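Some structures to go through are shown next.
Presented sequentially are two complexes of chain A, the first with chain B as partner and the second with chain C.
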Partner chain A sequence: MSAVSQKFALAAVRCAFAARWLRQNVYLAAGTVIVLAFLIAAVFGEQIAPYGANKQNLLNSLEGPSAAHWLGTDPLGRDLLSRVVVGTRHTLSVAVVSVFFSCFLGVILGLISGFARGHLATAVDAIVDVALTIPNMILAISIAAVMGAGLTGLIIAISISFTPPISRIVRGRVLEIREEDFISAARTIGVRPWRILLRHVLPNAATVIVIEASLQAGQAVLTATALGFLGLGVQPPTPEWGTLLGYGREYLHSAPFMVIAPGLAISLMVLGFNLLGDGLRDLLDPRVGN
Partner chain B sequence: MTSTTHRVQRMLVAGVAGVFLAATSSFAGPDDNTLVFGQSQSITDIGPAYNAFLQYPSGYEASFVIYDRLVTFDDQLRFNAQLAESWTIAEDQKSVTFKLRAGATFHDGTPIDAAAIKFNVERMMDPEINTTNRPLWDPIAGADAIDDLTVRLRTHEPFALLFNTLAHGSGAILSPTAIMENGQESETQNPVGSGPYKVESFNPGLELVLAPHEGYWAGKPPLDRVIFRYVPEAATRVSALQSGDVDVIDGVPTHLIAQIESDDGLQVLASPSLRPMGLAMQTTVPPLDNVDVRRALNHAIPVDAIAEKLFLGQAKASDSPLAFNTVGYHGNEPYSYDPGKAREMLAAAGLTDSDGNGIVEHDGTDLVFTLLVPEGVFANDVLVAETAAAALQEVGIGIEIRKIERSSFWDTLRLPVAEAGWQIGMFGFNPSNASGLYHLDSMYTSNPDNVGRPAVWNITRYSNPEVDALMAQATVTVDGDARAAILAEAQDMIWNDAPYIWLQVNNIISAARADLGGVEVWPVIFTIVRGGAY
Partner chain C sequence: MRKGPEQAAASGAAAHAPNPLLEVRNLTVRFEMLRRTVHAVNGVSFNVHEGETYAIVGESGCGKSVTALSLLKLLSMPPARITDGSVYFEGQDLLELSETRLQNLRGPAVSYVFQEPMTSLNPSMKIGWQIAESCAKHFGMNREKALSRAREVLEQVQLPDADERLNSYPHQLSGGMRQRIMIAIALVCSPRLLIADEPTTALDVTIQAQILDLLSDLQKRTGAGMILITHDLAVVAEYADRMMVMYAGRKVEEGPVDAILSNPRHPYTRGLLQAVPRLGSSLSENSEQSLSEIPGIVPLLDRPFTGCPFAPRCESATERCRNETPPTVEFGDGRLSACILSESAGARE
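The block that comes next holds the complex of A and B.
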């Protein structure tokens, strides 16, 4: 191979690396910025919002976007921007808390079904298999309908409906890891199964779990707002994106800005979590991009 | 978008059936002389007894097309003859003799005679069969067939509301032959009446298709088909009307009126309702047992602003327990919107905010009421509740809104006091027989058991012996003016005792194609398509 072509090849490889690095970081950076922005809105919602989220003014009802009300007002004259900003806390906390719980449960079930043998693993597998056959939206609707509208019901509904897929992903990773030489080595020298699971298997499965969790967060936002849209979200007058969207659909012709405000917020938050998840995968998962 | 989806679904269905239909217009409109009514509630049964048109008002609306009654209302709620041609009231006012229309037949071809009327009246007097509308029929003592076309109805006492009962949906006359052949409960799914259209097919909860009754006593009906179809979403109903999928719709929200009015091919049909909306207060629960507290809350709500801004003028602030157009209505001095006065009255009743958190204390703890509201049962129900909650919080009353699924709403309203879980609840009574007496009696006569389930609709557990006496007196007063005077006195008392936070009376708003005539909107919230024609 000539020196010139060697140079070209090197340059090409460098370019590919640079492109990959940029792509990883653009996704990661964009995702992080969006999620951070929502996090700030969730924590400081009341301080950031230009008006009180529940401050009514019947004289200003259904006004279109203006300098005073950037996203317009609802039929009770409440500022939609303020309601969307203050509503962030609800949706974000539902997403984060329910993904935390579903990961916690999913990891335990996944580790058991992937690592243990015998009746326990079979039983866990069977339960997860059955749960996977029920579409998670249907599962969430049924649970929320039984629990009634409210935060607790919503979190339980989403946590339970998201557990089976996470458990399945963790199981797959555990099945791979447990065939590795270092696991056999650990077994040979008599390390206890629980220790192997916690010290060797779990850390190696962590990447998959982190990536899956951030992708699931986006799904959780969609499920939470969908339940709100169907009237299973929160009690009025709490601003919640799905409820705002559901309420706005009656006004699609006369006041389309009623759905645009919460609709944009939902799309942006889902996009943020998905970019973050993709970025993390590119960065952490060695199998991607090779 | 929704109408497109609708269309695609229909085309699929038609394709499966092997019938290709290129355009949905062949389902509706004057081209094939069919009237499609897109209803906001579904129809699950269509008999006057048992569940009595369980879903409201859709079942009643269908029944007024399928059945005839002895007398009927017009759109001003005056009485008109229907199966009866004429009547005479006995001197002791305890019986009325009806002369029936000659030549009228049921959908099954059997004649409508005095025996058929007697059969139907006795059926509605049977508590096993008429489980829902008993208060309307209890005062009736019996019916006698005098000859083929003459029937006499007897009442225990002079009964002021006999005609209201006969014109009510439960006054429908069914074919005795069909009932005897198919069983008592056959009426709920397969009714045989004598109205201008008869049942061709019925898919409960989805669609009811009616075909003309060729032997109808007033001549062959003008339409080839009348179809009732359930379209739950208001915005979808309006789109369906605009695209020609349906010809008549009910339950038009006020903010969509402009959209319909801007379309030359459509007309808005509106009528003030007989249903005054209000927030029921549990008058046995402290501090709501104090009449001054209840009056104070009435001064806290900006009802005029709600009527003007939320309903865009399609509503009017109440000034009586009865709606403005109810027979016997008598206006009172409205409670002015005055938060300052409300605060003063609450303070005078011992409810003050001593810890400065914006909420008054009662017995040492913050006073917070649960406000029960359904979603999609009353016009703008949740929005009105949110406005009221904010206004009550303004005067120091804490409110937690409890929005409840519409299917469990009516039952939750009627729970015993201890189990209710709400102190303030949104409610509006619709006097479906158009009578102010029936309205006041159902809502304000003392319950026999004031902590259990209310006997009828006295969910506030309001109890005033003077009002009870006036109700009893009005029931046996046949003279209209004398009865109105008694009702006026009762309305004054109830208005001042304020068992409700009185809100607004809405207009009922329906819409139809502009070239469709004869559709009536009755103040009892029914949209009547019986006389529809292109």
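The block that comes next holds the complex of A and C.
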């Protein structure tokens, strides 16, 4: 075979590999695209939106979808598409920030309850066990009610209610890793326990944490919008999706497009996070074979 | 390295040296579970001297690894509990030390090489840092210094492309290479005692010899003591100076390797030696050089028993063997055997 044809054969093989990788990672690719799109909308909402989010035009009140207003307008004549696009920032930031906090807390608790022995681990286990028996939504509603409606309350409520499941998952993985030979090997060279935990256990649990975080982000979007829907989230006129949904409920019969717009956005974002999480699991978790 | 006559003589002299590197006395380890207690190690005593290779031999579950791990309290306690005994290393009793003091000794004083090179390395950490971690911790070296020390040790364990290896992850290496890495990790702090727990069990035969040659060569260079745990008598014959045979958590025979292998005193050691297949030996029972097995099974260790633990499987057991704890009989030249029947042949300790 000549050098040129060899080069072509090699390129063809590479293409075939790339295509297979893409096929196997459709979930990951789709999830990444959706989440990225929402991320862009969250950052550049005002620039992308065709109208101002709070710009009223009472002449156009409650208009259905049209070329000028793709998703219709609300009773005050505000463009729903613009409100949804600008509102991405609020919903996404609540989801991301609260997942970050719940992961931070959940990982610490999970590491303690998986690695420590004695009273401390028992105490953490007991608290997590009790927290797990309370439904997520109820816990979030009670915390939001105590904290008062608003962004801070929403984030604290979701962070706390999402911590126990993450702690459980981390604990399971730590219990598994703790019995590995390389942990005993680290002990035989005198590595101190907290160092073993941070340098040897945590990095090997990272995969599970990343996958769980992206799956939890989808759930956090649902919880955040549900709380907004119930009036416990960000207050109007801020165009948060849950709040938009709650507002639209009053017009469900006369103007159903008012709930369709934020509803679609919520579903799409949850789908994006779930696809991302599943894709990451296929890619990173060795126990899920192809 | 192959053991020459000069070295055998030197180790014979070392056996009578006044201060051994490691002195284990009456070590007793139990595993206390909810419903039962396993008597894993029962009153084992031995010494290891500087520059000496001391082999611990026995079948699976006889307490070899538990003995080795208890020396630096590396068993998970509970369920394990060291109920009796002392472990003197350079004069101090390791079993009396606090966990923090022990952590400072693990690595620079005593280090281990395990039998499972495939799972004993952290899959998410680069080789270089896994080797360097120990000396960074114990000698307070900064990252660069520790890594250059790691590079030095990689060359000592004869791994080619040391620079490239420092940046590799464990899955990129073969079993033999990983075992060399394990040895490098054990050696990076220049330990005074190296415990090799079946270091070659997971490797194929050609690599086994290389690894053992490497270990004993490095040991000769550093003058460290080595405890070699194995069930392979050929390895013992080749590399060890003195040996101890364990059965059911007890020491049944101890002495210089050559003496024991040529003239075993304890019936269990004799059985072990007859169970080693040799070239030209026949598998038929009538043949003179037939391969024999030891009948019966190892006794359960979950209750203390009276008498000799080997008595149920011993061809020459008498009524006394079943009722009396066998005395440790000394034969001179450092040979010991825990058998009532050898009483007449030697002096009681």
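Following the convention adopted for this analysis, the second predicted complex is superposed on the first by the 265 of 290 C-alpha atoms of A that agree within 3 Å, B and C clash if a C-alpha of one lies under 4 Å from a C-alpha of the other, contacts with A are read in each partner's own complex, and residues count from 1 in each chain.
Throughout what follows, a contact is a pair of C-beta atoms (placed from the backbone, for glycine too) under 8 Å apart; a residue touches a chain by one contact, two chains touch by 3 or more.
This one's a predicted model, so the numbers in the text were calculated from it and none came from an experiment.
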{"item": "Combined model on chain A: chain C and chain B, fit or clash", "value": "fit"}
{"item": "First, second, both or neither for A:Pro237, with chain B first and chain C second", "value": "first"}
{"item": "Which superposed partner A:Gln56 touches (first chain B, second chain C, both, neither)", "value": "first"}
{"item": "Contacts of A:Pro75 with chain B and chain C, given as first, second, both or neither", "value": "first"}
{"item": "First (chain B), second (chain C), both or neither touched by A:Arg14", "value": "neither"}
{"item": "Touched partner set for A:Ser184, first chain B, second chain C, both or neither", "value": "second"}
{"item": "Touching partner for A:Leu252 - first (chain B), second (chain C), both, neither", "value": "first"}
{"item": "Superposed arrangement (fit on chain A Cα atoms) - minimum chain B/chain C Cα distance in Å", "value": "49"}
{"item": "Chain B/chain C common contact set on chain A", "value": "none"}
{"item": "Complex interface listing, chain B residues touching chain A", "value": "233-235, 238, 253, 255-256, 258-259, 302, 305-306, 309-310, 373, 375, 380, 382-383, 385-387, 389-390, 400-403, 405"}
{"item": "Residues of chain C touching chain A in the complex", "value": "72, 74, 102-108, 111-112, 114, 116, 119-125, 133-134, 137-138, 182, 185-186, 189"}
{"item": "Complex contact set, residues of chain A against chain B", "value": "54, 56, 58-59, 61-62, 75-76, 149, 231, 235-237, 247, 249-255"}
{"item": "Of all residues in chain A, those that touch chain C in their complex", "value": "180-182, 184-192, 195, 199-200, 203-204, 206"}
